[in-house]
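Let me begin by handing over the structure; questions about it come next.
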Amino acid sequence: AQSSVTLYGKVDLAFSKATGTKDKQIADNNASRIGLKGSEDLGNGLSAFFKLESQLAADMGTTTVAKDGSSTFWNRWSSVGLAHSKYGSLQLGHMENGAWDTQTAFDPWGGDTVAQLRDVGATLYNDATGKVTANRRLDNSVRYDLSMNGFKLAASYAEKLGGKSNPFAIGGNYTMGPLMVGLAYEKIAKATTGQSDDRIVSGGASYDFGVAKLMASYSDGRTVADDKVKGFIVGATAPYGAFKFKVGYSQSKTELAAGGNGTFKKAAVGGEYNLSKRTKLYADYAHISGDLTTAQDDNKNAYDFGLSHAF
Amino acid sequence: AQSSVTLYGKVDLAFSKATGTKDKQIADNNASRIGLKGSEDLGNGLSAFFKLESQLAADMGTTTVAKDGSSTFWNRWSSVGLAHSKYGSLQLGHMENGAWDTQTAFDPWGGDTVAQLRDVGATLYNDATGKVTANRRLDNSVRYDLSMNGFKLAASYAEKLGGKSNPFAIGGNYTMGPLMVGLAYEKIAKATTGQSDDRIVSGGASYDFGVAKLMASYSDGRTVADDKVKGFIVGATAPYGAFKFKVGYSQSKTELAAGGNGTFKKAAVGGEYNLSKRTKLYADYAHISGDLTTAQDDNKNAYDFGLSHAF
Amino acid sequence: AQSSVTLYGKVDLAFSKATGTKDKQIADNNASRIGLKGSEDLGNGLSAFFKLESQLAADMGTTTVAKDGSSTFWNRWSSVGLAHSKYGSLQLGHMENGAWDTQTAFDPWGGDTVAQLRDVGATLYNDATGKVTANRRLDNSVRYDLSMNGFKLAASYAEKLGGKSNPFAIGGNYTMGPLMVGLAYEKIAKATTGQSDDRIVSGGASYDFGVAKLMASYSDGRTVADDKVKGFIVGATAPYGAFKFKVGYSQSKTELAAGGNGTFKKAAVGGEYNLSKRTKLYADYAHISGDLTTAQDDNKNAYDFGLSHAF
């Protein structure tokens, strides 16, 4: 029962250009962070644990300040909970929602870098209202996690706070040898009574052939305005010594409730070179197209060349 | 003389309801925090030390931002000082005032949870002007601490800053076997010249009978508006294996300088179950009443059920 | 390749009075800070490293909040980079510019305390426009460092961001036995097209005679308004057991482009007593004079008496 705090983190910076701009920048695209975590064995398979994690933009040394006069310094995670070796863990606080991991598992870039496909193919997107900001992290929430025989489950439920309904998210995946399948459902709190809830269901699978891992996922959502959004991601990663290559394509199709529809496409290719288990160099290129992008022809591409170091 | 920084903290969250509202929430009522501290032996009984402590609201991951464009991240404590094994310690910085510990020592809840009695029976309170915010922590202050033969003393003196007088606070307590007695005086800086200073003197005692510890304290204060405030706390705590039960009652009576007076009452009961030395579950219930509360009949009660984990 | 994070810092507070005011305060004049750093050996002389450093004002527990709604918590340094044992290190992020160390090396106070001479003799200063805020730290910058055979080089290049040119700074110094010589050039980004860049070149030398170390430096700069600024510092430090005494004089002369000129002078004396390698007491006195100070006769002096503890 002695104190054992682990201080961990990641600093990741890249020379990069985003879509929709001609500016080339040094940018923190991959959420540099520091965190504290610890757990205490309470006996009988029970343990108590906490986790505090803070994101920073390492290109400027900044952290987040909320508009209401408080700083969400621990903006990635702040929780305390109890875990049982068999029955899973229950925690309270500000946490990533239970669907996130499964939604992200079938993106070759795992939601990182300018090449990530998750932001097109596994998110509610609507040209008329702009991208729906997913409740990636939920304030004042309860989260349950279970990991058992290759099966992983995470479920989150949160207070309404300013919204009109309770955010809820659940995701699960099952790994059997080279195969992984996953399914996730996320309901985002609506802001106005009488609306529907933003909601999205996503399913996917990956198979590791050794020489390469193939993956695909499909998402089907509906916004508060009753616009229908369907998206998919297909991709592959291939290790080659210390290298890992990535390629993928994603698409999102929106049918507006008011009539009309449009498509948003993203294709990407990239690679990383692992200097160690904790440190890597990476380079990526992505191109967007479709009816729903307002980017000009000459800035529909994005690239990055970066260094990531975890500790 | 080598570096030895200790990283410590607490994460504490509860399902709770406060008085004056019907909202049931996940709330951080007990000041989750992280801190850094260290000391260095300089020889001849002398040592140098520092302490930095930051509070967070773990339900949302937020820390405090002040209105003047600075973030009081180290809002609980930031100091550097010298300590002598015999003659006590002297430190400079942003610190808890010297009266706080003694004012809080005779509250069965020690100033924590929705059941704390300190906020009624050991604080300046005035229905006409609202609760006087005690200068719990003093900016730009000097603090002296002495601990000797069961006797503990703490004294603080601070710059005026925006105020018109220097905040000053002193508290002392003496422990002899099962008996503890304490006395504290706190003068809060007045904001306007010509006013009196907010000030409060508190005295109390506790006796540990083994099966239970009884405690009582009395406070007598006067606000800048010359309203007189008298309060008391009576309470008991009783250990029972890994359990600890708590019960108490506190009252505050205000005589307005302009004439008229009123009473504010709080009764509370609670218990905690220690899962380890560092981790506990707790539950509390409190009820307020009296002339000075504006809470409606149906929300004069408060409760919490929480988990607290220190590291 | 295992994790090895070092948590380090300094807390430094003083009773002090600045020039231009009669207020005596408890003040944090020397940048109290906490930091995290670590490096990982990648083999073949290569290593990866990161550094995150946050300044605090320990008299109030505050950190910096920027106006744009972000908190520059890691305001002193946030970077990630690769280092080679022979060819130096390259890092990206928010960092001190490459000229700073050399500019500061010939100030007996190293840019610290109210007695520092750097702020007069090695900075662009102009009574008409006020002191030019040097880009001490550069956002979105690249920095190269090389240390070899007594020779040290640091160079920084940064994005324009809001400015109209790219900040650039380079500094180098060479140490041979008791002698050290240094040269630095800094170009600060201009805010408006058509202006010149703020720029300053500084050179200096120090010689350690054992009983005392003598040092002198000269700076020559030009502001965006084409005002010419020339400054110098002369000083000495002398160790005596656990004591170290410091004395120095600096001067800055400005020729306004619009005609007219003026002089700013600062003389200072001080001493420190090292309680250990990490902890010291210090006292300083400084006096300013000249055409360019608007301070009244009775507040042209400054002093401090402080405690500094590093961990």
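Note that the chains are named A, B and C in the order they appear, and that numbering of residues resets to 1 at the start of each chain.
The rule is simple: a residue touches a chain if its C-beta (ideal position, glycine included) is under 8 Å from a C-beta of that chain, and two chains touch if they have at least 3 such contacts.
Just so it is clear, the model here is predicted, and its values are computed rather than measured.
Residues touching across the chain A and chain B pair largely diverge in numbering: under half of the numbers involved belong to both copies. After Cα superposition, the angle needed to carry chain B onto chain C is 120 degrees, rounded to a multiple of 5. If you average the Cα atoms of chain A and of chain B, the two centres end up 41 Å apart. Residue positions of chain B touching 2 or more other chains: 7, 65, 71, 73.
Taken together, the chain B residues at the contact with chain A in this complex read 7-9, 11-13, 15, 25-27, 32, 34, 56-65, 67, 71, 73, 275-279, 307-309, 311. Put simply, chain C touches chain A in their complex at residues 1, 3-5, 7, 36, 38, 40, 42, 46, 48-50, 52, 65-66, 69-82, 92-94, 139-142, 159.
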